[in-house]
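Take a look at the following structure, please.
Chains: A, B, C, D and E, in written order; residue numbering restarts at 1 for each.
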Amino acid sequence: MSIQTAAWLVLALPLAGSLKLALGFRFWRGAMAGWIGTAAVGLAFVFALVTLVKLLDLPAEQRHVASSLWDLANVGGVHIRLGIYIDPLSTLMILVVSGVSTLIHLYSVGYMRSDEGYTRFFSYLNFFVFSMLLLVLAGNLALLIVGWAFVGAASYFLISFWYRRSTATNAGIKAFVINVIGDVGLVLGTFFIFRRMGVLDYGPLFHGVQHAFDKNEASLVAGMILILVGAFAKSAQIPFHTWLPDAMEGPTPVSSLIHAATMVTAGVYLIGRLHPLFEWAPTAADVGAVVGALTLLVAGTIGLAVTDLKRVIAYSTMSQIGYMIMGVSAAAYTGGFFHLTTHAFFKALLFMSAGSVIAAMGNEQSLDKISGFRKAMPFTFRCFLVGGLALSAFPLMSGFFSKDDLLYEVGQRGGWYYGLYAAGYIGSLFTVIYTWRMIFRTFWGEPCEQALALEHGHLYHAPHPFNPANGEVEDTGVGFPGPDHHIAEQTWQMKAAMSALALLSIAGGLLLLPFESLEPLRKFLEPTFADSIVAHPKNTGLETVGLVLSSVIAVAGIAFAYATWVTNAGGAARWQQRFAPLHNLFVNKWYFDELIDLAVVRPLAAFGRWGRDTFERIVVSGALVGGTSGIVKSGSAAVRGLQTGLLRGYAGLVVGGMFAVVLYFLLRAA
Amino acid sequence: MNIAWFLIVSALMFCLGAVGVLVRRNPLVILLCLELMLNAGNLALLGFSRMWGDGDGQIFALIVMVVAACEVAIGLGIIVALYRRRLPVDVDELRELHG
Amino acid sequence: MWFFFFLFSIVALAGAVGVVALRNPFYSVLALVTHLIALALLFLLLEAQFVAVAQIVVYAGAVMVLYVFVVAYVGGGDQPELLSRVSAKQRTLAVVFGLAIFVELAIALLGTALKAVDTHGAKLATDYGSPAQIGDLLLTRFLLPFELASFLLLVAAVGAVGLAGRRGGVGPDHEVFTDTVRPQGTGTMAEGVGRRRDGHP
Amino acid sequence: MTISLSIVLWLPLAAGIIALALPGALARWVSLLGAAMVLAYAAVIAIDYDTGAGGLQYVTDETWIRSLGVHYTLAVSGLNVFLILLTAITFFAAALWVALKDTDLPKPGLYAFLMGLAQSGVLGAFLAQDLALFVVFFDLMLVPFFFLTLVWGGPDRGPAVLKLFIYTLVGSLLMLVGAIATGVLAKAGAGHHVSFLFSDLQRAPLGKGSQEWIFLVFALAFLIKMPAFPFHGWMPDGYLQMPIPVLAVFSAVLSKVAAYGFLQVALPLFPRGAVQYQELLMLLSLASILYGSAMAFSTSQVRLILGYSSVAQLGFITLGIFALNQQGVDGALIQAVNHGLVAAPLIFIVALLAARSGGSEDLRDMGGIAFRAPILAAVFLVLTLALLAMPGSSNFIGEFLILLGAFKSKLAIALIASTGVGMAAVYALRLYIRSMHNRVGPKVESRELSRADGFVLVPLTIAIVAFALYPQAALHAGERDVRARLAPVAAVQHGGAADLAAAVRRGASR
Amino acid sequence: MTSVLATAKGPYVDWAALSPLLALLGASLIVLVAGLLGARGAREQGVPLLTLVGFGVAIGCTIWQWDTQKNVISRGMSIDRLSLLAVLLVSVAGIVGTLLAWRSRAAKEIAHGEFFSLLLVSAAGMVVLAAAENLITTFVGLELLSLPLYILCASRMRSERSLEAGLKYLIIGSVGSATMLYGFALIYGATGATDYAGIASAAAKAGFNDDVMFLTGVGLSIVGLAFKSSLAPFHQWTPDVYEGAPTPVTAYMSVATKVAAFAATIRLLDVALGGAFADWKPLWEAIAVASILVGNVGALGQTSLKRMLAYSSIAQAGYLLVGFIVGTAGGVEAVMYYLAVYLFANLAAFSVVIARERETDREDDIAALRGLGTSSPVLAGVMTLAMLSLAGIPATAGFIGKFNLISSAVDGGETWLGIVIVIGSMISLAYYLPVIATMWAGGDPAPARSREDPRTGLPVLAGASPEADELSIEEPLDGIRAAGIEVTVIAAILGVATLVFGIVPQPLFDLVDGAARSLGLS
């Protein structure tokens, strides 16, 4: 089988699965649906491996293959093919996506078992995988945008999967709209490029850019910044990040797949994919880098303060993606995608573990309520531990190597990039602290009642299901979390998926060890980034400093967290009092929601109200319609007023008219 | 005797007739005023006929007389009918139709 | 000549004024008669003998008689207060209109470039205005108007008879004069329950 | 293959007349049969039309009124071929709806007749290749809607229908003067006789002054018919009062006639006017986009949401047309078809929603309808996504091209207009979620599509999806003719001195 | 009278050319005599039949003489395409009027003989007016047209409204004629000629086209003509008379008078006063605009259909003027075309009004049409077509007519007048459409005629009082409560004509082709 076929199959299988489940939703009920979905994605992963093999068969300089089925549009110079583009980068992505997805599907088979919308869930999930693969395989900007929007839609479907919950639907709208804004940015950016180059396909685009634009030319920069907007919106970078925490309204597997492992990293992929353009517009690239840095810091600080288990992980995701964005924008491609990969492993793992905990809590997510699950859920605890270690870049864990390589490559650029470098390490301190705060508060301390119940072997169930977010009683039937919950300890599918990811989180580092010869990933990605024009001078000293520094940070951070949340109770409270204003800032997530509400939502709503209540009535109906008809009506009144029925009056008008006519002629004659 | 004089007289008659139509409320009198206007026309016609020295004007005048007579006859007929229907013989009272 | 002109025209105008101003229609009719006679004389001054005669015979004679009868039948419609009820404003307005138009006409008549207006008129043929000439014209050049005029008279006759004469078409089953002699405002049950004929209580 | 356009043009009316004579149920089925035949015929045309060659095909050319130089000339061009198909589809759907669902419709014969007349009118407006004939059909197609609303409309239809009809006819009547002036002033016929044939008129362009005022007159007529801000005064009343199938046809097809008019009449005949007032028109369409969207997410009446959304959508179409370049116009053309395909089923959905929320068409009374109605939810979802021009839908291709065109001619306007896309997402999702999702509304009882509903909706949805997979079909068909229509404008833009007639010939021959 | 002429050394009389006129006049005499017949049946059925025959013969003669173009009786009249067209239209209107009046109360009250012979005479008067080539003939024609109409308007002697209408029409009409007469006098004075050709040549020779007296004469004549064709500001008699007069009469005169008046206007101003074109054109433009606005605006919100149609006829007259103003042959043809179209639509509307007057006791109130779409679709359809045609909606003859007028306006360089027409039509939608709406929008239909006084709901002593009779404007005495087959049929025919000529207009174009041939217009 040719590489193209393999790739197309990777794309086709999840779609097929999705359609099969969607159209056959009456027949594929129960576990069957789950297995179909999992199988579809699993096969996709297999074919992704095939693609990889085929790709490696090719000589390095030929490792970019384009293939297209038919023209979507070919008119007026706009040529949009339904085509894909296979090269190491996209191959890496399809591997990660399909691989992690398979595991998460497996996890969901168990986790969602008792949900009424089981079939729908897997149909959505498959559709998401298809969209994500389309995004990464797309062969031109237009198709990329399509995939881009599809994943947005899929994420919307899944966020508001429990559509009876107003919180869920609102979160869905928010996510979708912000994503659409991203899409628009992407489209407009594309226009800026297309207007000059007239092509959308990657190949010509990458080769042509240097002839079409001067380096750092304004219109190119503008275009790339607009494209960055797309990336930010999708990857939850400041200021387009507010949707991600709310997206946690979705079922936990969704959070782990879409909002941790895959979709949110699309921005990183985009920047990496378009790196020739970004490198030709350095200003835009720098903007990306700075925003990434900001995001990783801000998100880190918020992570320190929020008390919702899933939201903590969500903010950590934000900040980790901040690293990647910063990295790829600063031309730290390998590091960026390395971190992307490892992050996919351990963040998915963390979410799965959290999901298991939340299930045990009966959908309760607040850290204030959760505590002491160490004994109750040993397996989950271990997995959580592994994930936490990896996330906090504990030495020899996958996260350790990836983050380190990322920051190292950034540092290599020298100059003001050292600023970013520093920010990265400060951020990693936050990371460690909030990670372990989360772990300690969840598993240490006095076991809460749910934990105790579980220790005696039976799972806690809320007397009547309610939505913990706003406390409203669940509107039962389809579209709300099913009555039963499933935890890793009792469900082998979940267990399997989690163990696999745990292993990956530990061993993922092997992809790229900080030694010349042991860098398979860098080698693999070489062909894609061969045309990079950014120099990465070797700097062994910096590398060692980095390794040491991050080890120290990890250990110190864990120690601090232990001191604050385990040994002396109320330590956290003291810190809060000491930095009360900061704490408020963090708790309120730097007031981004409020700002956006004030700057965008309210004005639009006001405009709409004004139009409805004022403009329609006064101008459209009043002036345009009423005005004219008013004039006519008054004329009518005048005419009929003259029509008194008084005969002498008529005679008078006749005489008057006569007078006027004669006068006119007298004047003519004179 | 200049023709102009006759014409002026006819003009005066015409206007008097018009004024009459405007100020009188009795249809009978209004009919009389219409006679005045027509006669004014007649006088002018004859004046011009004299001026050009051809007969057209006179024929016209004769015809106008006939017309006037006919109008009177019909007008009177209507007035009588009105009276028989016990409607006021006063044009200001005839305002059933208006607006 | 001058004298006669002014005499006749003043009488004619006075008659006209009388028609307009006199309150009693009967007097108005008489005023019109005098006016018509004076007018006929003016016609004579214009050498239009035939027309003048016709004027007196047809008009001042026949038509006016008809008038007198109708006035007598209908009665003195204009009671004094009627005329006065034509508001002073209306009257002045009317007069102003009249004057304005007179001024216009005067300008038109005197302002014309036509020299002949200021003459006694053209040299006349011997039979000008004679019955012979009129008759000849009527039967030749103006045959058509002449014939049509006869139809006009027919129409007038038919109309007058139809309107003022018998109540047409109703047929014997319906006695004609019952409702003309019946005092006003009776007959319908509507009135029985206290509505006036205009339908408003 | 010989195709007589007169047949496809008059078939609906003929069916209507037959139905008029038949008893109730029969009448419905006859009109359905007629619509089906038209659909088949239109499909044949769409398939048989030689997109490679483009230009006018299957031309029917008769003299209609010799003394006025008016011709009865019909032809299919790349511009109208898919609009004709759209017309056939929507009218068929409407007829199906009536035949299957409104079985207790009073005066079905009259209804069928009027619908037939309406379809003939619309088809005529699309097919006419003679300016006067176009105007005739343009006005004529309104008349049946007047009666359809009058007899079968909502409770307080009286004033609404008058407003609608007067409002729209005001435009048409002004257009009449413009059209006549065009023909008479141009005297384009053989031997300088008056001729209203587009082909003749294009050969004899008018002077700048006349072009400008006539253009304005036509623009006004089209903008009112669309409707575009601020001439949408009739829209709320009209949308609220029209019976569902009528409204479906109305909002799907009639507005497109206006858009088509811009392409077929305004651009080729009055290029100077078009160039002169390009900014004005673009700004108006921009206003329509923003205002329509804003209104769409501030009202809770489902019909009005759709109404204002079509104001916004038509704004996009106009924007594309007055980008006055290939991409923009191509985009506008395909977007016209897309919007038609989406609008009609959405209107039908309104009825289904109302049937499930206790007869209310107010979002506040809805919610959670998706509960027991997965298929309905799915169909509605597809439509919603298409409405908000989800990338991957053919609407996206349309808006992509439109914005691209606008972008190339007036960057700032395009940037602002693009916010409309985001707003579209807001109102479309709001519509979907507030009705289908969230907690179950007070009077809501969730039911699945009936089989009849399915017969009407599912094919339309499939058509949308299919079109999304291969929009190139329509684009390709339109391309050559769009270029031809744009040629005069281009000539004006690049050195107005250029001889228009020559430019037209170039465009036609190209 | 023929014998008289035979003996006199009269002028050569072209009987053939005169035949249409003679047919009408002769018929009027015959009808008058027939009206004296004893038998009621003979009176009430035979007389209208004879009238129809008369009009029919007139039409026949017209067709026979279609291609003649000559002056008859020493330039008294000109029998040409214009006048023949007038004869045709007037006769058609006459036929319709006769059918509508067949069983009308008016005809009964003034006696059938009189009624129908007056109808015929007025038709003859119109023909004369349209054909007159001489001021005197014109004046006679005018009176011959008007006097019978005065009588006919008053012919419902039981009804106050009818009499009022008659008197108003008579008085205002006579003022108009007197004015016109004075104008004619001045023209004659200025040119010394009464025949059009003579006037034209004299004015041209003496360069009088800008002479004060001449122009004043023109002005006064214009006032008279404008008055007869009910143009603003000389329109005020129209609504009252149209409403008050018996509906068949209204129907007849609303179209026939216009035909004659416009033909006369065209002939007088283009042939005799053509030299002063530049002088009178602006005035006519003003009048046209005024009429279009006044008419359309006045018709808004009228509840009486007759009154509404009266105002609309003022507006239509304004439209017609446009075609005449531009002073081209095309314009004149457009006018005649539009007259024909207007004839169909207006008469159709009136016949429906009559039908409803007879069927319901809402008289001519718009309420009488409520629910007509259900109760009698044919009538409703006809009315709809009529309204659409008057409003100028496509697929009706009215649209083609307006199209024609506007294109002639544009052709004559008067595009703005075209726009005025259109603005008028826009306003007109606001009163034509509601009529349609009332018919089709459902609602309980107007109650059928009862012998109750609609003002009190109490039974009235049949025929015992004029008040009682007033309640039943168009009720036939023999108590028929139905529209009458002839009314329905003619309505249907007119409606169909409106539709057909909207779709296949060419025949009408061929008909009016060459209407301006003898006017010496370009």
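Convention: a contact is a pair of C-beta atoms (placed from the backbone, for glycine too) under 8 Å apart; a residue touches a chain by one contact, two chains touch by 3 or more.
For clarity, every value in this text was computed on a predicted model and none was experimentally measured.
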Fewest touching-chain hops separating subunit C from subunit D: 2
Chain whose Cα centroid lies at the greatest distance from that of subunit A: C
Centre-most chain [mean C-alpha coordinates]: D
Higher-contact pair (C-beta pairs counted), A-B versus B-C: B-C
Chain centre separation in whole Å, for subunit E relative to subunit A (CA means): 79
Gap in Å, rounded to a whole number, between the CA centres of subunit E and subunit C: 27
Whole-Å gap separating subunit A and subunit D, where each centre is the average of the chain's CA atoms: 37
Averaged-CA centre spacing for the pair subunit C and subunit A, given as whole angstrom: 100
Sites on subunit B at which at least two other chains make contact: 7, 14, 17-18, 21-23, 25, 27, 47, 51-52, 56, 59, 63, 67, 70-71, 74, 77-79, 81, 84, 91-92, 94, 96-99
Per-residue overlap in subunit C, given as positions that touch at least 2 other chains: 90, 93-94, 97-98, 101, 104-105, 107-109, 111, 117, 141-142, 145, 149, 152, 155-156, 159, 161-163
Where subunit D touches two or more other chains, by residue: none
All touching chain pairs, where touch follows the definition stated at the start: A-B, A-C, A-D, A-E, B-C, B-E, C-E, D-E
Subunit C-facing residues of subunit A, complex: 648, 652, 655-656, 658-659, 662-663, 666, 669
Parts of subunit B lying in touch with subunit A, wherever the complex brings them together: 18, 21-23, 25, 91-92, 94-99
Residue ranges of subunit A touching subunit B (in the complex, touch as defined): 640, 643-648, 651-652, 655
Subunit E residues within the subunit D interface of the complex: 373, 388, 392-395, 399-400, 402-404, 406-407, 410-411, 415, 418-419, 421-422, 425-426, 429-430, 433-434, 436-437, 440-442, 505-506, 509, 513
Residues of subunit B that touch subunit C when the two form their complex: 1-9, 11-20, 22-29, 32-33, 35-36, 39, 42-43, 46-47, 49-53, 55-56, 58-59, 61-63, 65-74, 76-81, 83-84, 86, 89-90, 92
